[in-house]
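Note that chain A is present in both complexes that follow, paired respectively with chain B and with chain C.
After this line comes the complex of A and B, so read on.
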């Protein structure tokens, strides 16, 4: 005869049930203000844009209500649009990586320097955020051309014998993008570094680690999350910014942002512009998910 | 006999004050009445519209500056209004369409042929009651002759502009021809519009004598392909995307010659006296007309009528003409010295001098839009150095 053990589910009292319900609902209640804002300002416009991307288009009209996937097919098959996707991805990736390296070095400098230097450096990093993108572009227009400041400085210093123009090159677009995205990257990394106890660095050195080893074994793991967030932030900005690469880069640098504004305003084709915007959003989302997965893996490994 | 008091004969202080306030109120209503019941006559407009706001979109860039100083500010000074202008280019119809129908972002908007027809197709313009614009009697009929009757119901013509050839004087190139842009002397030293490519495409169309006007442009691909091939022979320093970039290219000596626009040219020349010349080449020029439209949903309908009529007053047109290279709609304007003897003096002159990018032309261009756009991007790839 087999003994049967009966297990009874614990009977919950009314108070316990209420406590469990509160426990379940509390995170939602706390999240609700942010959730409402996200739905109103991001979710609904995104859905409207998605719907717009399937509308028809006729000459002289902005859009004609209907349902077609033609614009997505056009974007994925026409050379100029496919090229724009790759151009934008490449430029954004390179600019974001450069921003990350410069931003990290700058944030470390500020973190390690005495406090009296800190305010001056932070003020310096804030400068690009206080000036409109158009004004920054005009500044580069005075800097890069043959008769610009850079050329003048190089020839005056005897480094070059002839005037040089870096204007309307991919390099100029790259520099412009890095300049725009750098402050965001810098402040994210600085906030992460500020949370690290500097004595860890000293301890690592005391234990015989060389600076590079300390950086690899101590600082890098501690700032990994910040690096991923800073990279993602720079990448999103670089993907979406259209005025800077368009004004500083060569004629043939057609980015997604530029073609979206061209379709939206110049060509009055809202559905195509919306479809292109959706592709941009998806591309950014994929990169975000990728960086997030790296972070999750790292976190679980360390746990 | 009891003496009874006649109440009407009693004159108290309270009665006097009440009567006086009613009188003032009545006078106020009377003064404001024209604004309430319809357009205010000019002599009462200042009282009727004083303090009222109005937002008019003009072309951005130098045109906007001239529009502000020569139209908006004198209008406000005359009528005590709070009119203002904002610069626009090709986004006005999109902005109006995106806003609530009863609360548009502007009250009046400028539009050339493309914006005009796009706005009409989207139903954002209000049909114009011409009886409220008496100055329309003083304008050249060419403006109405060159657009379909259905379209002419909307807006009022103010003037128009042309493409122009801007050249650095120090080069000593004096043959006033579009062909200069192809000359070896200007190789990698020219700039044309790479954004509004239809104006660049109009240059070889103006030079071509195969068909009248800009007819080749409307015939894709048979008519347009020879034009594309002509553009492919250019050696461009950089295709500009807007007026600011064009000015920068010239000022930084990245380019020495440009296909420019009359709406920008005079201010640009005045800011760089003696450095550049801006001319209409001997082959002629492509052109557009500037119309101003009332926008549906605007709360300032009567003030808009007053403003549109003001746009066509002789003084307004004279002032604008003296500060820009655009042509205006009135017949009796005082032609400023910078036009010389070249200003059109009749409907025939307008017809001969300006090869208009017509609304019918736009309709044909629109049907092949994406193909032409893709083809033009190939041309940019082939011809650019920047």
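After this line comes the complex of A and C, so read on.
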């Protein structure tokens, strides 16, 4: 009897076949709302932008339908644009590394502190998210100039003898970027840390590891995924944002975001702006793929 | 090898805000001794253990390990190893990597540490599990690895922080016997924190019963059980029936003032008393007639416990219960005589 069922393919009844079909289609059905939103708001605009980047540009016209790779060639050869790519990359890299270090330290502080402090810290971290980027920029305008808060604080504390202005410097742009990306980085890292048993830290010390060794041997490997995600997210944000660096940085700080805006709104050259946006998209995709490859061990420890 | 005890606590005190978690605790653990800190939750037993391990610092008092003062040292500089309630195995390291971790930190040379890892895993019967990750182990196996990890270090004293409380009953009994066997074989010094009195009784050389930050009694398990010094120890260790009575003019009355049919061989002086008896020492039927103390009571209800029936009695406002394995069956409402000998009764005012 068993031999028969083993050698012959099971004959499915109509109901069983229907159940299988439902089983196969159900995941897609459940995903469909998110899928539809993604396609309408991300997929289609991206394709339109790709198409736009190959159109011709003519004076007095936003674009002329056509097919040319001229804009890409221009972007990759003209020094002004090539420099913008490197400037943006450099600024984003430095800003997201700083974000990562500050965010990690802050997340660890909240994680290690007793629960009663937690809500206050989380509220503090949420603050920047409750204020629009424009208002935050106005805040920095009060902070950085010669008669601003920073200058005042440094001179009255006796650290500096003369008033200084850090307004419209790369440093101001850097601080502004860190401030904007920090909350996301913090929450990503805190959620990862919350999944770790604090007794592991004690166990490591108990077994003879000094605090720095414990960090290297236990905390770092367990938070590695979070570090990569937090870094990638800060980096992508810093690459794409344009208001903060252009409002706080010097006039010569030509980031990709600034140049795209200039081509789009100032020079009305839509194909060039689109091509530059595509380069930005590709750069971000490359960075994401790179960080994913660093996260080689994708198995979960908490199975 | 010094002659000093493995561990000495000298008037240790630790407060958290307004709460005194550990209040003037002193104790000594001799080399090879297995001492259990037993108490209800919040009694300060885990706090005491954390002070010894160095995870907390005492407000005052001294801690000495092998005669050396350590209360100012961080955990990594103390010759202790803790087995945590959750095991606290490093999830990203294999079993072998977990066990070798402490040896690496203590810079034990490779050949020696390999041997120690092998021995430790053999001791906890996990040879062959070296390359597994903690997520691939069962709860009992995880605790065995934690035990191996701590034992491989050969510390002056092993600290057990309720290591079995997260396991189910049969596994708990099995591992309890295993820890006992390891202690008998290896003779390590240990402090074991638990709220499970049967665990404390079964494993320990001595038991320290803690309540509200104090050690209320510290002695061998059988003495703790048979000669409890206080009402708290009597009620916390083992099952007990409490009979609150008032004695006036040689007559025994319950709380409401009604006289009860309780005959005491050596009645205490007039006043309010709480009489405690162990249900395992309470007898029914024919044996009760010969007992030194007797009470006539009605069966309130019965529970079937497998080997025995547990009968709950009521006499006025007094309630007690006893286990009976004899052939007779009693129904609720039946009037019986139950009794016990004076040696098995403790009286507290």
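Worth a mention:
We take it that the second predicted complex is superposed on the first by the 263 of 303 C-alpha atoms of A that agree within 3 Å, B and C clash if a C-alpha of one lies under 4 Å from a C-alpha of the other, contacts with A are read in each partner's own complex, and residues count from 1 in each chain.
Simple rule for what comes next: a residue touches a chain if its C-beta (ideal position, glycine included) is under 8 Å from a C-beta of that chain, and two chains touch if they have at least 3 such contacts.
Every value quoted in this text rests on a predicted model; they were computed, and no experiment measured them.
When both complexes are superposed on chain A, chain B and chain C end up sitting side by side without clashing.
Residue contacts after overlaying the shared chain place A:60 against chain B, while chain C stays out of touching range. With both structures placed on the common chain, the touch criterion links A:251 to chain B but leaves chain C unconnected.
Counting the residues of chain A touched by each of chain B and chain C gives the higher count for B.
In the superposition on chain A, contact is made by A:203 with chain C only, not with chain B.
Looking at the shared chain after the overlay, A:78 reaches chain B, while chain C stays out of its contact range. Contact with neither chain B nor chain C is seen for A:116 once the two complexes are overlaid on the shared chain.
Contacts of A:24 after superposition on the shared chain: neither chain B nor chain C is touched. Per the superposed model, the minimal spacing between any CA atom of chain B and any CA atom of chain C is 50 Å.
Per the touch definition, chain A reaches chain C in the complex via residues 197, 199-200, 202-210, 213, 217-218, 221-222, 300-303. Those residues of chain C lying in contact with chain A across their complex are 53-55, 74-76, 80-82, 84, 86, 88-92, 101-102, 105-106, 133-136, 149-150, 153.
Of all residues in chain A, only 59-62, 74, 78-80, 141, 145-148, 165, 167-168, 246-247, 250-252, 254, 262, 264-268, 270 touch chain B in the complex they form.
Taken in their complex, chain B has these residues touching chain A: 89-91, 93-94, 97, 117-118, 121-122, 194-196, 236, 238-239, 241, 245, 248, 252-254, 362-363, 366-367, 369-370, 373-374, 377, 380-381, 384, 386.
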